[in-house]
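What follows is a set of notes on a single structure, which appears directly below.
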Amino acid sequence: MYPPELPRPIIDRLVEATLLEDLGRAGDITTQATIAPGMRARASFVARKPGTLAGIALAEAAFRIIGGRCRFDAKVADGSRITPGLVLAVAEGDARELLSAERTALNFLGRLSGVASITAQFADAISHTKARIVCTRKTTPGLRAVEKYAVRCGGGKNHRFGLDDAILIKDNHVAVSGGITAALKAAKAFAGHLVAIEIEVDSLDQLKEALSAGANAVLLDNMSIAELREAVAINQGRAVLEASGNVTLETVRAIAETGVDLISSGFITHSAPNLDIGLDIEVG
Amino acid sequence: MYPPELPRPIIDRLVEATLLEDLGRAGDITTQATIAPGMRARASFVARKPGTLAGIALAEAAFRIIGGRCRFDAKVADGSRITPGLVLAVAEGDARELLSAERTALNFLGRLSGVASITAQFADAISHTKARIVCTRKTTPGLRAVEKYAVRCGGGKNHRFGLDDAILIKDNHVAVSGGITAALKAAKAFAGHLVAIEIEVDSLDQLKEALSAGANAVLLDNMSIAELREAVAINQGRAVLEASGNVTLETVRAIAETGVDLISSGFITHSAPNLDIGLDIEVG
Amino acid sequence: MYPPELPRPIIDRLVEATLLEDLGRAGDITTQATIAPGMRARASFVARKPGTLAGIALAEAAFRIIGGRCRFDAKVADGSRITPGLVLAVAEGDARELLSAERTALNFLGRLSGVASITAQFADAISHTKARIVCTRKTTPGLRAVEKYAVRCGGGKNHRFGLDDAILIKDNHVAVSGGITAALKAAKAFAGHLVAIEIEVDSLDQLKEALSAGANAVLLDNMSIAELREAVAINQGRAVLEASGNVTLETVRAIAETGVDLISSGFITHSAPNLDIGLDIEVG
Amino acid sequence: MYPPELPRPIIDRLVEATLLEDLGRAGDITTQATIAPGMRARASFVARKPGTLAGIALAEAAFRIIGGRCRFDAKVADGSRITPGLVLAVAEGDARELLSAERTALNFLGRLSGVASITAQFADAISHTKARIVCTRKTTPGLRAVEKYAVRCGGGKNHRFGLDDAILIKDNHVAVSGGITAALKAAKAFAGHLVAIEIEVDSLDQLKEALSAGANAVLLDNMSIAELREAVAINQGRAVLEASGNVTLETVRAIAETGVDLISSGFITHSAPNLDIGLDIEVG
Amino acid sequence: MYPPELPRPIIDRLVEATLLEDLGRAGDITTQATIAPGMRARASFVARKPGTLAGIALAEAAFRIIGGRCRFDAKVADGSRITPGLVLAVAEGDARELLSAERTALNFLGRLSGVASITAQFADAISHTKARIVCTRKTTPGLRAVEKYAVRCGGGKNHRFGLDDAILIKDNHVAVSGGITAALKAAKAFAGHLVAIEIEVDSLDQLKEALSAGANAVLLDNMSIAELREAVAINQGRAVLEASGNVTLETVRAIAETGVDLISSGFITHSAPNLDIGLDIEVG
Amino acid sequence: MYPPELPRPIIDRLVEATLLEDLGRAGDITTQATIAPGMRARASFVARKPGTLAGIALAEAAFRIIGGRCRFDAKVADGSRITPGLVLAVAEGDARELLSAERTALNFLGRLSGVASITAQFADAISHTKARIVCTRKTTPGLRAVEKYAVRCGGGKNHRFGLDDAILIKDNHVAVSGGITAALKAAKAFAGHLVAIEIEVDSLDQLKEALSAGANAVLLDNMSIAELREAVAINQGRAVLEASGNVTLETVRAIAETGVDLISSGFITHSAPNLDIGLDIEVG
């Protein structure tokens, strides 16, 4: 597996919009007021807490798009485990540009490394099993692409990127469309050959119906450990089994040990705390 | 104080972009495959955890912009304390539009109510003092306006919205510009009459220098409770005093009781966990 | 199968941009010069050639976004077979808005119905087999979503919507990554559980290697009818087989009769001739 | 006449949007899965069919905007006649960027060269006359500027670029505004001195009326060869005469030989088949 | 001549962007702080100075796009002469929306009516001649379409809308391309049949050369009244003659009386003072 | 005080949009027709009238974004006083790019230098007093950021940048919210610690009420010189006093000499005449 990667055009458009959000109409007035043009500075991005890095290319883009008079050197690659005190990157050059772009760079690094770090904690907790942690569509508005990338940096796998790239039949779809078998039949008739189909079930009977109807993957929603274990036995490797609901760092190990293939968590994207990364600036 | 408000053009542009992010190029293929055109449904947004609501107008916009064939009725106003089981809003109408927009609505409600809820917890903890909780620029990229709004919904106050609407002289500006007095002098010369000036200090000596130089507000960074108490005594009501650093639900009460005016927290925006809000859907 | 559907936000953004492209900076100066404000007219969209309709919702949007003073009534649904003389839709109301929007409406209808119509011709030619016609990423820049929709209207299936929603390992990826087995192994390690993997092969030996390595789908590139038949025999139903190359209305029947599952054509999107749809306008 | 040219800001904005359309939210996952970072490759764009080239600057932009780690060398200029086997351009450098951008480059080259090639065929067929082939507003949504450019590359002339840059009074305008003389009078009163006025006529009597009323140009709609010849005789060089309707490669020669100045075709933009251009990639 | 008209999609996009520029990230905080939700108000737009109105549809759009809870009634049409005290329009409804949108509405009305008013003054001064006042490309960045519209409201005519809709060969083009005759020949070879060609000349000799070379229109740059008169005599009605340079309200009459067809002025767009329009608000 | 500065991302986005506005769909057809590819030219931006320069970075951006084949050397910095004949900047390189971008560059330079120049005239007239000239929100739609910057270049100070960065309670807010004291109380309860509060008053009694209620700043609307002098006496330095209304170059000196702190003018942004800057081009 190669390191995760984000397309440059996506990075540039997102970082430009974020800089403009922060600059407003007048720009960085503190810097304009207090920093002489032509001053130089050197900023080190330093981990304050242990975790997993994500977002270094967005930090680089912040200094490039603000004006390009700072050189940015990444010292650590996305996906790396980091420890307090580790220098992650150094930006050096024009002091005004450096001070105007650093918060945008830090906001991306903090949020994405936060997602990567909590993902890595989940991944570590279940690394003795075949189960993998996967994210959901419960991402921050506007950050779907980069938060999914951060999940990959943390060793997780991605679930759907949106409503359009796979079929996930939830309980409501089942209810409206007339049951599991009918819904799966409709989905198969609709889907192209590269579109996978997953269905959510609430009970083992539903699981059996889904398997009979030929589901590629089944989301086992809010099942107990015992039920999950039973589900794995029933499945006999036919469908990919995804456990969902009540997934925490305390419960994830037991869930993984039931033999499910995937454990999905909205928490790793929608509730990941920021990773604390600081900035040490030297003048001159 | 009237309830907080978000401008409609900001809401509409943000919600449209978020829907497009989720719809991708093919739209909601699960719904297209399994839900017959013309089916109707009714969705209730229900609190699963206690907290403080924020974002109801963005949820409304999601159903309007997806196509407008669902009626959306807000049952609870932003800023309200909510308890598990409370119905927050009901969307009713075209089942396809309802199912395609609900995740966008929930993602906004969950994130913004998360920010409002943690803010309210901080605000509650210090409500016996004059201190107020304030947010920072450590917000999620692209969501500055709405996260700041959520802080207001939670009973917090807003700090700067960007680099451009107030001067906040940080340690690095002080270092580069030749000291506190010089930096404040430069800032005063620069600032228009509606631009307030705040300066960060690390020690009581720096505080004294800042007060002598006429700072409107002083950010006391990472000071101990004893130092904060001393700072309040030194200040004698001259400047607005803002405490920053190590602010948690455990420490905030003691910080507030030192007599500072403001306590700032990046945590309430960058690390607020989602508020759990569920969706109960009935067909027909 | 329900009729194909396009999300409203995608339609609106695309049609607005297209109207602005046509209006330029001065708007419709012919209409401004010659049509009195307040005049009314009635326009019938009429099929001039037989084919399959696609794009009626984009035509509707053109009249809504130009100003909304014309009522638009679709008489025929997308996906319908149409014959010369059939009235597809009627727009009635303000003559200025009607004349300013009609070309945008017709350009969408003509292009998308062109794609749907040629797709339907291919689909008809192979309807006695199990094979289905599928499109490719060879679409018109900017129109990926709507051309793929038109393929569905014509009875085709969609292949990938972009670089991101499925893995299609082409000959160049095979060459760079060290062979079919290595490439498939790398792809499986990378892919999430909803990401299907297809691989292109040029020979029957490569097909065998791909099948051994567990490909979900195999693209048989530029094979003869005899080779395709042999490929189907080798496959024994294990992978989805897609034939590609030299697909024309003359050849498609024989290809389908080899027993392949899919036949892909760039022609149906990149070279589909416009479907001739005319506009009959009555004043008053 | 210098070679046709497209403004760089138009190219860059269009190509960026098209790359983002293809990259979606996850980027090129096939390449991410199978191609090691740092691999290098060399791609030759090779004509597979004879035709006329257009779009080379858009291909260049695709490799620049994807990330800029490939060098792009155009070997042939837009507007050149090309033959099967001719190398049109070479891109060389980072294999990942090369594989992610090639389809966007090819889609532009194929479509625009398709337009240029069919235009050139029409132009060739009438090169022994003074008549010129012109395009219409029947262009692909979003591609007006570049398809009109491709027409110039093929030796055609451009008609209006939009509703705003010239007055073209069609039959419906005539009907609503009270006749040819009234419409032309209104148009002349409205038009600035740089705005040319053309009017559509269906009969020779209408032509006479239009000439009397001082039309700069007259569009002769769906006239027979005999009528066209008569129209030229009536006109006596006063107005520019444009023949329209039933223009095919079979009919265009006879139309041109009637002595008309222009022959307009929607076909050359809305129905031009792609020009087949292939990509030969070498690793290393 | 019908009243000038601006396309609705152009208005809406421009007004939305302008509202967002004013609302920033927090919206109208004065109104949020001091105006109770649900309060109603009534605002009359009243002329404070005499002039010519332009921009009423943009004012309407401001109240619609801010949220739509105010009804907007235009009392006077664009292009009307207005006198101090005249009520131009009334907006009535939600007080918060009304107060948040009024400055955007006024800024458009003031600027565009300013352009229309100064244009009308020039037009009045020369109304006894056949000459017409025309604008240039010296417009405010971003406002080309609406300022050109305002010129029409003031009774002026539009020159080019951009670099792309007509050929205007200036002195620099002449210098670089090898002289007037060569430049005109190149232009004619390039131009489509609807593209008019104008050329700038500095002397009567150049005028003669331009006329011999068949220019449609000639821009007489910075000529004296005597030279202009001579130019008209030389021209004998062959080309449209446009006088340019030193055009003021003092000089324009004499210039017009020389017999030129057009008098162009950058002043009417780039230096038009705002027209003073006030807002009278009643509560309740 | 350091020279004023504009953020690079703001400049680039604005200049790109303005170039596209001018280029339209076909680009600079005059240049395409008459200037041979590869020709070189040298353009000097020369002051034709005395004034104060603003906008040089936007001119630079125009030549960079059009294609980057011209070198741009600024000879004079924004904020400098300039005299007729002074060379402000030189652009040298590709003649086509140079001729296509020069009008955009000049339009920015002319407008922004116009604002700076009139501001400087006001500032000069009151330089013997402590009063400062300030701008308002009466700016050109879309140009808020750059016109405010030009005011700074002219030696003025900025008032609010939008509705969101300070509270300015106008007469209408006072009327709707129940009076000066009530409005100020509401504003103080609402405002964060960095949000300044100003209130408009029409009489000295209102001023007294505003001061008692603790206003930071008071806008004295349309007061006579005598009233202003009285207001200064009443204020005794408590609030910042801003005079507004009837501010012209004739009246501003007397207003300043009353002792007010600020004098605001919409004229300097909404009615500033263009500064005349010419372009001298040499071929080769």
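In this document, chain identifiers A, B, C, D, E and F correspond to the written order of the chains, with residue numbering beginning at 1 in each.
Keep in mind that, in the parts below, contacts are C-beta pairs under 8 Å (C-beta built on N, C-alpha and C of every residue); 3 or more make two chains touch, one makes a residue touch a chain.
Only a predicted model underlies this, so the values are computations on that prediction, with no experimental measurement involved.
Touching chain D and chain E together: A, B, C, F. The chain with its Cα centre farthest from the Cα centre of chain E is A. Separating the CA-averaged centres of chain C and chain F is a span of 51 Å.
Look at where the CA atoms of chain B average out and do the same for chain F: the two points lie 32 Å apart. Between chain A and chain F the centroid-to-centroid distance comes to 44 Å (mean Cα coordinates, whole Å).
Residue positions 21, 23-28, 32-33, 35-36, 100, 144, 158, 161-162, 164-166, 168, 186, 189-190, 195 of chain D are each in touch with at least two other chains. Viewed as a contact network, the protein chains are fully connected, with every chain touching every other. Partner chain F is touched in their complex by these residues of chain B: 1, 134, 157-161, 164-166, 168, 186, 189-190, 192-196, 198, 217, 240, 242, 261-262.
Residues 2-10, 13, 144-145, 148, 158, 161-162, 165 of chain C are the ones touching chain B in the complex. Contact residues on chain C toward chain F in their complex (touch as defined above): 21, 24-25. Residues 14, 17-18, 21-36, 39, 41, 95, 99-100, 103-104, 106-108, 110-111, 114, 137-144, 161-170, 172-173, 175-177, 183, 186-187, 189-191, 195, 266-267, 270-271, 273-274, 281, 283 of chain D are the ones that touch chain C when the two sit in their complex. Across the complex, chain B is touched by residues 16, 19-20, 23-28, 32-33, 35-37, 65-67, 96, 100 of chain E.
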